[in-house]
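Pasting the structures here.
The following pair of complexes shares a single chain, chain A, combined with chain B in the former and chain C in the latter.
Showing the complex of A and B:
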């Protein structure tokens, strides 16, 4: 089933690509536990159907299971229903090999929130079965271009619940999540200049964070949530800075007189920052101590290397210009390890899911850009079903 | 115009408040127009409330852009791919800008840096700023007070030519002169 799903995704990619896509469907030797929802029924109206369908899709997208129609090692059992504007679900998981129930939980919520409720159930089940919580309940922030207007948007990890955050119709870029996933930092030009703002997703209040003369962009929140790395040009050409979010005090990290810097991202322990600099002529990746010091070039392959994000798993995902296309690559502290995409399209601005396994990126071909998610283990790719428009700069939320 | 906008904002905020009170759930589930394939709703919150603050240090470019003076219409400074180096052939344009600033004491300049569409949007923002800064530095080298010049990058967001070939890219890698009075 997972194989079929992968093939469908691959077929979709090939249809959208000018040349034949080279997509590895399943890494040889990968064996997933079979899982079935045939003993989990939905009764009642639309919300119950939405719950069941979302739960099934979420378990499939987790990448942990091979979903089958008949008997499986793991049987999801129980039922969901909706009545009077409320959706309820009783979920159990039977491990047939062990002959015992390994999960049981009941859910109840507003019918309108059936998708979110299913995401919660899926993440609980993934946690019970794998020891690591799933990512169905996480969200993705992005820039959308619709009707000639650019704005900030957020959707669920599966592309649902698409929500417009700003309504400026002005150039904006590179959203970055706060550690509690309740706020976004991003660059917007809605007041004429490229400035960095913070948007509280609860109150929708927007605060200016960096409005210095020249360029203010590329905010990145430190792992401890207390500092913001960003690129400013207030002291000359663009350089990397760190702002203390408590005091708003700035520390200058790079001092390149003849180079432009961009796209900082923190190491998991908060001690180092990976970023883009064109000090060698073309943009490539460098690593520097967050307190400043001598930078070290990380990437040597590719004509350009841009848009890095340092995952909690220690791996840096970025976009590398190979032949004529930007491709998603992964590096560790020692340099490039792997190239994940290979098809004829530009793959940009990758961002790790908090499971350290899935990556969202913007894929553009024919001057339209959409968001795709790749499973870094089996290399299967799937597009997010967003509405009409072009979508850029995705950022995956923390859990 | 302003009052109209405020009224519309107030109405939209009121509608949002009503939706909030009836739904009582977290922000991403509030009502609105259906726009995606999953049948979920998109928030229509109206303009974001915003802390008002004065942006200091951007006095240059705060007046009115000069559009009626032929001497202020100076051709864009063009650049090579991935480069912020000013080509020798582009220097006369910068010299004309310096002469205009010298002859008009109250005029300020916004040097607007731009890139072609290829490559990382974020890097292009930085490269556009670097191009604008290179023009600013050249003007300062010609004796212009740096306080009269501010830089502004549009990255790849504001192409002069919306096309996608080398001809469009060539004219899009540029710094524009915006004179203000």
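Showing the complex of A and C:
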């Protein structure tokens, strides 16, 4: 009996020592309109659930809406279901403030393609409600380190549908999308040398693009898709070149005797290239005409500035070494503007989404690197759900 | 007994999970300073077992956004058993900046 009382007393003591943890979250109000999927139901099997879940995540990730469980200004209504290997969805959007329906469309596709169908629906809804094209249907290329092997991968913009592209298990770097988003250019050392290849994402067929003696790296496709900026050391130091993809003819853009160039990226009109050079002693960003000429230094702040990408919005995103960590920063053609990240981790290889608003980058803390997306307007960040490995060098596809 | 720095880390993990999950509403729909309080219960493996808005703000958009955040966090990785043993319930205050 005494033992029983002892147990009761111990349980009572445990219950008494348990406390409620208190957490406070404070955020500024946004410009986002509230949107709810409470009246959009999924019936049937797994594909219908996948469709609904993907649609909800895509609309949240668009950055245009504040998702709400319950009444909201914008109500997604309708249903999705799957039967006989087919997924169907009827989507309507009711604007409660205006008291009218502002979107209606039906979708139908193979059950196995439920995610892609939901991406399409999300982009249609974003376009109808905001007038801006969405990014749910775009993809992200990256380098993955899994099981000690480095290879090229592609996933959807939400991190799902991860697909391995190369199977070399060899160092590879800096994937760059073709303008039609059907191929990638990248540097691979699978033959023992740093060479540039083009891989077709449909057939996975790979063709060598630049295999000159020395370094062949950092490919970047011009906005018209006809030229490739890249870094070659065939004439001595690593210098910037432009290759005509039709004729393979090279134009040398920089001629630095004592410095190395890296990471070119084209201006939206294709007339200029931003790149990294260490000619001043440490890596900084420079801008030069794509045809060559006098280069102009763009960045001054930060001990190093690397990995620039010139977005279609005219802004250059890059990684700047500040207080021991690489942080994501933004510049325009005139110079530095803003620092987007601040936490104690390295944030590298940023790449613009085609909406000119979201940026994907690699965030390293400890020995692991993962991919994150930041909304450049409200600075909210979200990790891509890529597990089992480390992920680097992301590149966001065109639409 | 849970070391103080370990407790702080667990608080940070919980806060970050719900900070990321909360898509706060617009200034047009919710006045600055509006506050909603919620409560979750966490199991030893980090699973969020119960979730509810305990004191609504009276604004359906804010309360709905909090409920959406509560629904979307199914599991919190990185909590220690000692922390969960000490705090089986977590009260979370969601507030829009003044």
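What we mean here is this: the second predicted complex is superposed on the first by the 370 of 399 C-alpha atoms of A that agree within 3 Å, B and C clash if a C-alpha of one lies under 4 Å from a C-alpha of the other, contacts with A are read in each partner's own complex, and residues count from 1 in each chain.
We take it that a contact is a pair of C-beta atoms (placed from the backbone, for glycine too) under 8 Å apart; a residue touches a chain by one contact, two chains touch by 3 or more.
Fair warning: this is a prediction, and the values are worked out from it, not measured in the lab.
By the touch criterion stated above, A:31 is placed in contact with chain C alone, chain B being left untouched. In the superposition on chain A, A:382 makes contact with chain C only, while chain B stays out of contact range. Which of chain B and chain C touches more residues of chain A is settled by the count: it is B.
Applying the stated contact rule after C-alpha superposition, one finds that A:363 touches neither chain B nor chain C. Residue contacts after overlaying the shared chain place A:67 against chain C, while chain B stays out of touching range. Looking at the shared chain after the overlay, A:347 reaches neither chain B nor chain C.
With the contact threshold set out at the top, not one residue of chain A is in contact with chain B in one structure and with chain C in the other. Against chain A, the residues of chain B that register as touching in their complex are 23, 25-29, 35-51, 53, 55, 57-58, 82, 84, 119-123, 125-127, 129-130, 133, 150-155, 157-158, 164.
Residues 11, 14-15, 18-20, 22-30, 32, 39, 60-61, 63-65, 67-68, 71, 83, 85-97 of chain C touch chain A in their complex. The residues of chain A lying in touch with chain C in their complex are 14, 17-34, 36, 60, 65-73, 380-382. Against chain B, in their complex, chain A makes its touches with residues 50, 110, 112-113, 115-116, 139, 150, 154-156, 158-168, 171, 173-174, 187, 189, 191-195, 199, 201-208, 211-215, 217-218, 231, 233-234, 236-238, 259-263, 276, 278, 281-283, 304, 306-307, 319, 321, 326, 348-349, 367, 385-387, 392-393.
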